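I have a structure here, written as structure tokens, and I will follow up with some questions on it.
Chain lettering (A, B, C and D) follows the sequence in which the chains are written, and residue indices restart at 1 in each chain.
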Amino acid sequence: MLSQSAPKFSSTGTQATRIVGVLTIVVMTWVVISGLVFTPADVVQGESVRIMYVHVPSAWIAYLAFIVTAIASAFYIFAKRHSLGFDRVAGASAEVGVMFMVITLVTGSLWGRLTWGEFWQWDPRLTTTAFLLVTYIGYLAVRRLDGSIEQRARRSAVIALLAVLEIPLVHFSVVFWRSLHQRATILDPNGDVKMDGLMLFTLFSGVVGFTLVFVWLILHRQRTMLLSDLANQSGLDAAILARQNESVSN
Amino acid sequence: MKKTVKKTGRSRVASAVFIKDLRIEARSRVVTNQVLPFAGLIMVMFAFALDNDDVLQRVAGGLIWLATIFSLFIIVQRSFAIDTSDSALDSLRVAGIDLSAVFLGKSIALSLQLIALDVVLIAAAFLLYQVQVSVIGLVLLVTCVICATTGLGFVGTLYGGLTAGTNGRETLLPLLLLPVVAPVLIAATRATEAAFGSGGAAISEGWAWVGLLAIFAAVFGVGGSLAFGPLIDE
Amino acid sequence: MQDAGFIFASYIITVAAIVLFAVGTLRRAKSSAKVVEDQHKPWI
Amino acid sequence: MTVEKVLEFSDVVIVYDNFPAVAGATFSVNAGEIVLLQGANGAGKTTLLRACAGLLPIARGSANVLGCDLRLDRLAVRSRVGLLGHANGLFQDLTVLENMLFWSRLVGATRNDVDQAMDAMGLSGRLSETQVAKLSAGQRRRCALASLIVRRAQLWLLDEPHAGLDAQGRDELDRTLRAARDAGATVIFASHEIERASALATRSLVVASGTVKPA
């Protein structure tokens, strides 16, 4: 029902999210400064290795996000009580995952231009990543199809589980496809980076920082989804009442 | 009051749906009169665009499967348009029919139509692109076509069912299907190239790809029969 | 130097994408939090 | 013999596209009744019928059809009801007989059941070999009703069954529905033609703004 008094709590933030948020800002600031200034240039790759501190963590977190989506979808489908909370986590995680995957592809192609001289190579890892991105863009499109909230949850959970089935198939076919025709040794961007302590630590902080970003975004996004579902619901209560009054007055 | 209709066997439902789909196709001839010319046109247009016999021989396999996948989108949408135009799909849902059997019936009908399409496309490749094939190559080619079309039939029906009756299905279907069928495109292309001996590929290379196609078909056959009901229901 | 431009670009794109996503989420949260009563917000 | 309740709705709310198309419907239907739902367009008749068939989720309230709780298991009721909406659910490129045989294979009915149903609907003879696309509206409607007979539906849910039929078709439809009732089916149908429909129905209900009241 529409509230009589305006709700006092007008955000999705809590003590916990604020702590995560502050931590995120601290860690990310450190990653940016250390990645750009403190860490040394690579012997082979030169300065361009600095892109690694944002590229590699965002790729990892994108994959993490898609795994979270799959797990949450499985919980939604297989748990006795089909709890919509799992669906919201799955959706929020996929959205964040798509964002990180776009970051990964953009930073990766910038890095590729510097090291290989080309923005794009038909390397198995790149190709799989591109297919994966399109798959999850499709997943998000399925979430926007019209229908009830339960319908959305069920459809998207099925699609998420099918997408997980598809990841190994796409990956192996692409790896197999390339390996038959050319050796992919020079294409491996991480193979020839010699890491010293600070570089490793910065990369590690990058992973931590991006994970914090992920957690913070998921918490807020998932609550925002709940709010907008509830907002529809509260409109519904008013609508039921209005419709009943309508029938009485007739 | 309590006399309930006895549940019909899955194979019976599947075969009824299969016969129904093929009979409608035999009568309306949409695949033969529209999709087939469309796919043939793709092959001819590529011949114009590439205009080089050596290149055409090399890429013949890829073109066949690209044309197949484009035709798949049309056939899938047509197949579900038949079921949704007079709400027959709703009637099936109301009647409590085993939807996984509907899935199987529709997939197999779809695969058969794709096989017929591929036979014509491969014949076109022989005529237009001057590809050669040995007897062993032909065995490989036939196996590849069967495995690939089975897999395409399963995924096509699965995602076609999901998008049937929704807004924007014409664009959503390719968006969902393209990344999923990527392995089929790659594997079937490589196997066909091996069968044709394009670019010096050996026939033995092709069988590994056919194996991948078989795995793909199995995964989506099982996944599809489980998922199809929940997807189109509600 | 071309390298520097590319490196800065990749950092800026990363940070900008994250900030935009975060700001968008918070703004949507604020607008829909106004219509929902506090008792329905389990995180309070 | 106690009267068997085929359908029992209590304070049922059905949400369709975020709109409470049915906002608190309470009514029940006994076995063997022919119930007419009257009401203006947009009153919620179609939504109500589709929900009875287990096609739409029940948002609130309790709903029981043929002994199945629709809130718990909407699928259980489905094989036992027949819904005929504005569309007929037929395949246009197939003949009448082929449509019937398709349904009979799905539900395990015999050829004899099919012949009987087609006889009852006056679809035997040359008509049975005609493609559905070439039939008149009334013939299609009869074809759709025949498929309900083949499916042995215990509860018939008909949305505007008289729409698009000529005088003869309407008479036939009325006869069919009475025959179906005599054969043990219960019928709930929506109609705008109050006079004709009231003569057919054993009881009338008024649907207005998503609620149900006795006429």
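In this text, a contact is a pair of C-beta atoms (placed from the backbone, for glycine too) under 8 Å apart; a residue touches a chain by one contact, two chains touch by 3 or more.
Quantities reported herein were computed from a predicted structural model and do not represent experimental measurements.
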| item | value |
| --- | --- |
| Between A-D and B-D, the pair joined by more C-beta contacts | B-D |
| Chain centroid nearest the full-protein CA centroid | B |
| Computed distance of Cα centres, chain D from chain C, in Å | 51 |
| Distance from chain C to chain B - Cα centre to Cα centre, in angstrom | 42 |
| Computed distance of Cα centres, chain D from chain B, in Å | 37 |
| Chain A and chain D, separation of their C-alpha mean positions in angstrom | 47 |
| Junction residues of chain D, two or more chains touched | 57 |
| Touching two or more other chains - residue numbers and ranges from chain B | 234 |
| In the complex with chain A, residue positions of chain B that touch it | 158, 162, 166-167, 172, 175-176, 178-180, 182-183, 186-187, 190, 205, 208-209, 212, 215-216, 219-220, 223, 227, 230-231, 234 |
| List of chain B residues in touch with chain D within their complex | 1, 3-8, 12-13, 15-16, 19-20, 23-24, 27-28, 82, 85-88, 90-97, 233-234 |
| Interface residues, chain C side, partner chain A - complex | 2-4, 6-11, 13-15, 17-18, 21-22, 25-26, 28-30, 32-38, 40-44 |
| Residues of chain A defined as touching chain B within the complex | 131-132, 134-135, 137-138, 141-142, 145-148, 150-151, 154-155, 158-159, 161-162, 165-166, 169-170, 172-174, 176-177, 180 |
| Residues of chain A that touch chain D when the two form their complex | 146, 148, 150, 232, 235-236, 239-240, 243-244, 246-247, 250 |
